[in-house]
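The structure appears right after this line, and notes come after that.
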Amino acid sequence: MNNVLEVKGLEVVYSTNRGDVQAVRGIDLDVHRGEILGIAGESGSGKSTLAVALLRLLKAPGKVTGGSVMFHPAGRSPVDLLKVHGEELRVLRWSALSYLPQGSMSSLNPVMRVEEQFKDVILEHAPARRDSLGELIPRLLGQVGLEPRVGRMYPHELSGGMKQRVLMAIAVALEPDLVIADEPTTALDVTIQRVILQSLADLRTDFGVTLMVISHDMGVHAQLADRVAVMYEGRLVEVGDVRQVFKDPQDPYTRQLIESIPRLGRKAS
Amino acid sequence: MTAEAPPAVAVDKSQDSAPVSGVRAWLSRHPLAAYAIRRFGLYLIELWGALTIAFFFFRLMPGDPIQTLIQTLQQNYIYNAQASAEIIARYKHEFGLDGNLLTQYLVYMQKLILHGDLGPSLINYPTPAQTVILRSLPWTIGLLGISAVMAWILGVVIGAIAGWRRGKLGSAIATNLSIALSHVPYFFVALILVYVFAYSMGLLPARSAYDSNINPGISFAFIGSVLKYGLLPGLSIVIIGTFSWILSTRMLMIPILGEDYLVYAEAKGLKNSRILTRYALRNCYLPQITAFGISLGFIFNGNVLVEQLFSYPGLGTTLVTAIQQLDFNTILGVTDIAIFSVLTAVLLLDLLLPLLDPRVKYWK
Amino acid sequence: MRLLTAVLRTIRNSRRLATGLVILALLVLVALFSPLIVKAVGGGQDPIELAAYDKWQVPGPQHLLGTDQFGRDVFAMVVKALAVSLQIGAIAGVISTVVGVIVAFVAGYKGGWIDNVLSTFTGILLVIPTFPLLIALSAYAKNVSLFQVGVMISIFSWPFAAKTIRSQVLSLRTRPYVDLARVSKARDIEIIVTELLPNLLPFIGVGFASSALGAIFGLVGLEIIGLGPGGVIDLGQIIFNAIGTGALTLGAWPMFVVPIALLTLLFAALNMVNIGLEEVYNPRLRGVAGE
Amino acid sequence: MKSELELRGVQQRFHARGVADGYVTAVDDVSFKLLASPPQIVSLVGQSGSGKSTIARNVLGLQKPTAGSVLYGGKDIFKLSRSEYDAYRRDVQPVFQDPYAIFNPFYRVDRVLWKAVKKFKLASTREAGLKLIEESLQAVRLEPENVLGRYPHQLSGGQRQRIMLARVHMLRPSFIIADEPVSMLDAQVRKHFLDILLDFQREHGMTTLFITHDLSTVYYLGGEVMVITKGQIVERGPVATVMHEPTHPYTKLLLDSIPSPDPDQRWTTRIQVDELERLDDNTPADTTKPEAPVL
């Protein structure tokens, strides 16, 4: 099976007291093993809701009202992500399906050292690695360009870019099949953004993970993605190879999106 | 015409540009030490301020207790001896009442700080007030300390769970009970406990701190008796205290549930129990440690009445007796001791905090 | 007018706040009409006069809650005492809120050394046990009036209001709309009154409710020790009376239970208002609060 | 006419705990001059923590610099006489970053416009005031009936930010200090906003100090640009020159970090940004920032 994830007819609504608001409207999407898939769209397009639904982190008043999400972790039997619950879901998490949140959000526990936040997830899913932790954590940190001593630090002692890198290292700690990254470069300074984008590309090379990168920034997709899916008002309007999407957009909305990118009169090196 | 106030300027920022001194550089490299020093400095200021407030408060009180005392003394002398100015002056001196207010203050503070001397107690003359107070201090520290800590632990744990499981029946019951009862004075519960367990059922004693037939000392019988007699007064503090900690912990817990790091912990596939203890509880009990310190003075206030109700031989009872007898050195002394104990407890908690919460040392 | 709609909107958003306010309103109503109620109970004579009736009557149709050791009607006493307890809450609540608000605004807005001094002073009063000071004060100042007791209690309860409001002022004064007011030539006092104060109303409400709670509690405490103001009966005094005369053992339980129940109800109502306001106005609680 | 706004050697330090000497220097010896005529657009571009917002507060008189001075018409703005102060306030007006927080949630949005009318005595009657307000709203392409009488939360971010422009339009200051005014707006709305600023320059002769982290908006606006990092201005010049021939390594780094929206122009080289150097100062990264972190 070459697909890690097969989304079919996914529907998500948010119930409000003025009726239901449909945030995701019947999405069909395959994620190929080993690729970097970009999900593009403006704010309110439903791309973050899609990510949250796939990660099974959707909270009330949001609710999945239809569709299936077949997940094919290596060495395990395929499951419908929307139908697993409790312990089964918990075991699947991180070792197979992992999450890279926005670094500027407070995703790291403020009162735990960085290394503790590696340890708890590793020990939860791979207790056999207890003895190798002392070597594993510095190696993971090194992979994203951080020194070992960062492990001894607390989140408030790190800059936004460093936090993002720590989150990246934790995300791949158990070599998951799929990492869903939600706006991984947003709210970072441009110079840091570039470093983060480079490290994300490295993750695929070094760990062979499949990455699904959600971003409103078309520049991110142009630099990083193999394929791009464009969302608009809860629908997928276009999915295709990154070159095709940028050079020859099929959907008028995609075209508009690409045209609205502010351009500098200077070519990036 | 000159300018009126130029536009208000953000204020908490320093304008001076003093050269970097060695001390400041050292402190900036040792934030923990800097924190401790700053905190201890604040403690000394608070202690001095509170003792000063208490002193002047009592000396400047309307109704002038001093005058009343002098009158009482004078009356006594008429029976005992000639009301000579000399004798009155001597008593005034002994009680620290000679000279003007400032002199009195300086003498009082000097004696207090250098010798721990609070002046003689009036009712137990010539026993010094500190001796009277020190007799009752252990009882209060034991009763109040143990019950306050128990209430805190119970309240924080139950409150955290109530927040965590909000929407569930148990949580709703705990929450609403707390809302109804958390501001009820301790002695209300004490009264009800006395009524039910002491009068109606006759199970537990309603007065005193131990069985007077048992000799005080380190013996099982005595300790058992202390526990038995302390149960009802202690319980009344624990019950109400727990409710109020439940409420405030729950209020702290609920915003934490919306924090990104909890979503992240869930995405990590950690067990629920682990998320509750390592992520949620760990972030919400820390502010409660500071709150515990601040609540101590308040708990002491309530405790005065509880002790009074149970004739518990602690500071509260000593205080009320002293007030009824106009024993002003003892009154002021009890207040001073209470101030000292509470401020010191708060200081110790605050110094402990950086060891538990890595963020503290950077706080202002 | 707009204030009113804002208030109504707030109340609609919180069942807890609404419940608290309704209970409070009922209690206040009873207190307001207490002279009439007492009159009705007496039916021409004063039911709280000494030896108005036989003493120690058990509750019945004649005397809903029985009579006390002096033959006074307990129901009438409780109604009147409720009014007194609410009065002390209102007096001390208003004084400490006003003082607290002023201190909080001066400290929070002016900042610098003024803030340091005021905050340290507030901090001292917050932490030190003030009850000894309070009881001593009432012991020495004999024959104090209810108002004086209210003032005395306020001396110790304003720091709570000051502390809550100061932290809000600190967070509000850096808001961009304050900057905008400054570049529109608004003066400090104008900014405080028109930009900050309206947004602080709920916190001022919380401060008031807390101070009122503290004052009622404080007065009851004084009565328990027998140091209350002269000439008035408050709920605490009835309880003190019940304990002192051993009413419990005489079967006159209403003298003991009813005032405690009423006070508990009052505390609960004020507390609900407190918590309701906090939940409605704390954006971090708003999203997820409510059961 | 007082037609100059000048920063001369402005330095701004803040107290901070846990740093080497107890201070962080947010703005370090910054000097530049803005001229009212000819009207110009000067962009100040820098990353978070570079000190650019502090400069805005200095210029607006909201924060008194630790050293150096802000001069309006040659006089220190913190030492103006009353009439000079009035003129300065009238002549230097801001547009802030956050279109949500700029409105006091307690009041209707038109209050900020009425305040401007009253405080700066723009009209003597209510009718004249209303007419002025409606004109200005139309000038920023807002329908008066759609915004007047509304509460802030009933309007979109773009609408709110344009009300602030309407306020500027009414006051006709010589200088607009715009601190990241478009960073919280969507791309489409952002373009609108920038066009209005350009209009103001052309039609009403207003000079704008445009503070931003985003080089692409700088490019769109044109004019002059100053690049700031670590509190110091490291490069300045016409936008075209700076963008095409950057001389300072930091400007080059900034330009190189903008992801090109073309999959055929991916980065081939790597850059190193040493965030770890901050750790060596023993500096807690998130607590030294004197300003609240921007969203």
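Per-chain residue numbering starts at 1, and chain names A, B, C and D are given in the order in which the chains are listed.
In this text, a residue touches a chain if its C-beta (ideal position, glycine included) is under 8 Å from a C-beta of that chain, and two chains touch if they have at least 3 such contacts.
Small disclaimer: the values here were computed from a predicted structure and weren't measured.
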Check your understanding: So which chains are sitting against chain B and chain D at once?
Key -> A, C
Check your understanding: Any chains in contact with both chain A and chain C?
Key -> B, D
Practice item. Write down the chain pair with more C-beta contact pairs when A-D is set against C-D. Key: A-D
Revision key, fill the gap. Whole-angstrom distance, CA centroid of chain A to CA centroid of chain D, is 34
**Study point:** chain C and chain D, separation of their C-alpha mean positions in angstrom
**Key:** 48
**Study point:** Distance from the mean Cα position of chain B to that of chain A, given in whole angstrom
**Key:** 51
Review point. How big is the gap, in whole Å, between where the Cα atoms of chain B centre and where those of chain C centre?
Key: 22
Review point. Of all residues in chain C, which are in touch with two or more distinct other chains?
Key: 174, 182-183
Practice item. At least two other chains touched by the same residue of chain B: list those residues. Key: 7-8, 10, 12, 362
Study note, to complete from the structure: Where chain A touches two or more other chains at once, the residues are 156
Revision key, fill the gap. Residue positions on chain B within touch of chain C in the complex are 5, 7-8, 10-12, 42, 45-46, 49-50, 53-54, 57-58, 61-65, 68, 166-167, 171-172, 175, 179-185, 187-188, 191-192, 195, 199, 247, 251, 254-255, 257-258, 293-294, 296-298, 300-302, 304-305, 308-309, 319-320, 323-324, 326, 331, 334-335, 338-339, 342-343, 346
Review point. Where on chain D does chain A make contact in their complex?
Key: 47-48, 186-188, 191, 213-217, 219-220, 240, 243-244, 253-273, 275-276, 278-279, 284-287, 293, 295
Revision key, fill the gap. Chain B partner, complex, touching residues on chain C are 16, 110-112, 115, 120-121, 123-133, 135-137, 139-142, 174, 182-183, 187-188, 191, 213, 217, 220-221, 224-225, 227, 239, 243, 248-249, 256, 260, 263-264, 267-268, 270-272, 275, 278, 282, 284-285, 287-289, 291
Study note, to complete from the structure: In their shared complex, chain C is touched by residues of chain D numbered 57, 60-62, 86, 89, 92-94, 96-98, 101-107, 112, 115-116, 119-120, 292
Exercise for review: Show which residues of chain C lie in contact with chain D when the two form their complex.
Suggested key: 6, 174-177, 179-186, 195, 198-199
